[in-house]
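First the structure, which I've put down as structure tokens, then a few questions once you've had a look.
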């Protein structure tokens, strides 16, 4: 059976990544693609790498007849997403890739995103899209909120450790290295090749990055008490890939054991042998997440590493994994593409 | 039906790329992987991006029982390949990715590769592996010789034009830009990141590159008279991707028409609208080749561009396409992966 | 003696490069910096790499008192430049880095830049700034027009050959590879890191690039008859560096001899031994241009290579070299910085 | 007065960087260059970017007549350096860029470098080369030991804070991002462009990097009690640049104040305004170090950032700064080159 799919916001990188993945998905068919400012253009003209595919022309959202659509991916900018999703037909299954439905608490949303939420009803209904930890809720959800790509990476490293109580909750430092495609296709001086290549720097340093809203919400919920981590992302001269380096206090071998056990049955999470650590280039273009644990020379301290591709496992691959669940398709369908290296 | 596959030389980039592609191929199973110096190691330790796959341990070639193998890919270094292939069982179908069997004329081989061929019998038997032009021979071949990656790119741009007689055969200039993975995983100072990133230069300038042997052989055969092109490759600060810029004399619109017609039914060759030209980043990680034609301001001159991924369409993807044909599998199986951009 | 310098358009890359070079120039002092949209900001906030310098705050052009200024560099956008320069005081020496005064013929200007020139008087007065070939005129000029960076590279390879009559004037093909900083700091989707890194493509293919106006003007003047070359630039995934690959018909050894002789006394032009060819990474950050000549395997054909840094020798370094001449300073002052490799 | 300089190990990146810097140094002349395996070659053939300079041919060390040499830079591999320096004439001033003389305690040396030191007498004599903190000792030293490039970066961030007692000495975490040229020009698979570009990973994770020997030695000496930090370096897809992200416990504003005060008179250390943080690309090719301090959202925690160019301030620039002091030359001579951006 083929499910009919619409993608809103198809002219951005996460939209294109969805199309790339669905291109070889045997049970999905793309029936509508929207891109407001590029409506009327072919996808091939906006993303020439998709030229070989037979795709619908880009249209405005209100030109789409959703009656025929089974599931809709929203790859729209933050804030736009909630206004659009509020108005979508109620029969429609939705996977949102924006930040709009990640935070369950309207106050937390207002704090991190600077204003009130415009779709409180949908916000209440949305399921947080970190597949491995919300699998059953996602299966029956109508609206799933894709996680932040940094937030996903940090959570893969930390959730089982917080749940198992094997690390000090007040001493978690997440130093993250992120590729530039996570910032999207927007025209900003600091995203120019000449500004970025051959160098690196922190951004949103000191605890101001919005993905902290997700960390706070999720980690506190697991721990049953407030958990605040330190989180400093750095922008890397590369297009894809997030590497999380997490400094924790706890017994390294035990930490490794907990992670290995937690992910033993997961098709996309690979825990490396104790003492090994991952590289972003070994997950590029794939839905895999590699996790490693190393003991520090200082006793009682460990470093947990997690690497994934921000556009795939961190965003569009996660979205497809969730869509599979929501449509009753085998979870890994279309997602077993091996990483592209070199 | 699942065909049993061996890959010799699995510790190089083309070997790894074969594994990546076969990983999602529904009708092939890898039963043996060789790597002489890394025998005994797991593929995951040599190529961590393949960690999620259940693969045989690397062994030496003579440890492989070929009785069970249907088809063998040889991704060995030039010269080694001929010595190995000479000794392989005769029932075995073979796709060779080295340069050893590309030239049909032993003298041409000796000229370009600096010595006599060690497997003349197999050389005589080998079919040149440019799928779109040798499809029927490949279908029934026992031994197929994968083309040079630069040679493939140049031929996609030029073969139909030479066949149709629409360009001046004595005035063909091929300026080629190649990513560094084409040089393999060998330890050479000029392949270090610090030597290569953020700069570009020509190599084998002036007509000394070995792929000229292939151009001479193929173009002369098509034209029915000697054709010698100018060919200067340049090394780019990027891992994957070949861009051929071909300067020809002929009528641009007619040239475009000939190419569009020649490739109209080809699943992997995309001819762009007249006046557009391709980028390597739009074919990365895929088996597609994008071709464009632009008229020069000087009448009677045109520029033909061809872009492909040297490791995929230029090497391992081509090899798999040929293997599909040799095994009676639908030609595009496992090869419709969309390019990875950005 | 210290000369007082103003730089208009200091918030672009060529402006910053001028400041970088003048920072260690013993006979120049920067007394004014303009940047319309960033007026009021410090140079350190716009270009943090210049933080250690004691520089004037950015102002609007009309806030500058030119009475005290000896020489003014104009690093303004094309078209803006002519409007500004028309109004500058007549005592002021000016080096313009825009395209506005490169073409002597108003009709040629209109053809390549799409409209009439707004400062015809100054256009008539301007001296073309290719130092090695206009040295005496520049010495006594009031207004010098910096060349295009691609135009400079191609001319270094070709001018002596055209002058000496050793190549076929109707068969010149210039395939050029250019780093991205040549496109400036403007917000364009195709200049984003995610769009550019790890790939390459042609632009302005087929003879539409504006620098052809300069090639036509200069080469025809040297030859005493119309000369039209083929010119196709390619955008490289690197910030700095132009490599010109020029395909010519002529005797390679003689071509090398002519170039070696032409540049024997030039402090910044290095002609490599016959058969060697340059790399952009070996001139990065410097005012040097490396030139090489290789014979093709086809008799009577040669390939001439030229490499320079587009921001230095191709633009701001050239401008400073000219300013030195105009102010009676030793020509190489402040410009002998060795290239930065790796 | 011109001082006569020899450089041993001139075929590596730090050797070439010394030549680059000395090229515009008004009081130094290079009279000898050694490179054992490349003896007999010109420097231009080994490093074409230095082609414009008039340099001595590369020789073996024992071919150098040191009688005429005032100061010798040793840019030899670790371990080789001590064997060579032991035998050099006693009149000779020496700046060593290897790791051989950084650790004062022979036992610490044996622990971190895996064996006994072969030049204990010289080890005892050597002064640690972190100029800003050992300036007076360096002025009168005969042998100065250049610091590790990572070690320098971390110390610039931390020394004043440890001295002032404003941070918790048991809770220092240094997450470091390093460009690839720091690993030298050696032929290792993991330094190939294809292995490194577009990705990132940690190395020597968990406290095994040798530069920890320097951190332990220096920080403990300042504090007057053992100080052990956590230190995890990461390899970046870039040639130059180290970014240190240091997580500390202490009052951020006070930390900034201490650093600003400590470096107020330093010509090469720039402390950014409170809340700002540096980028490696803004120090590239220069001898500057940029330092920033940001308060974390968790009270009592701060992040200190330091950025420098590993080949310049982290190695050859530092060496030249020290040589200036040893020869009685103004300390900043030849080192005020502005960073190269973009």
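When the chains are written out, they are named A, B, C and D in that same order, and each has its own residue count from 1.
In this text, a contact is a pair of C-beta atoms (placed from the backbone, for glycine too) under 8 Å apart; a residue touches a chain by one contact, two chains touch by 3 or more.
Since the structure is predicted, the reported quantities are computational estimates derived from the model, not experimental observations.
Using the mean of the Cα atoms as each chain's centre, the chain most removed from chain A is C. Put simply, the C-alpha centre of chain A and that of chain C have 45 angstrom between them. Distance from the chain C centre to the chain D centre is 35 Å, each centre being the mean of its Cα atoms. Chain B and chain C have Cα centroids lying 39 Å from one another.
Across the assembly, chain B contributes 13, 181, 194-195, 197-198, 237-240, 278-279, 281-282, 284, 342 as residues in contact with two or more other chains.
With chains as nodes and touching pairs as edges, the resulting graph is complete, every pair of chains being joined.
On the side of chain C, the complex with chain A involves touching residues 13, 180-181, 185, 187-189, 191-198, 237-239.
Chain A makes touch with chain D in their complex at residues 173, 175, 177, 179, 194-195, 197-202, 205-208, 212, 228, 230, 232, 234, 236-241, 243, 245, 247, 275, 277-282, 284, 294-298, 301, 303, 305, 307, 342. Every residue of chain B that touches chain A in the complex is listed here, in rising order: 13, 16, 19-20, 23-24, 47-53, 181, 197-198, 239-240, 268, 270, 272, 278-279, 281-286, 288, 290, 336-342.
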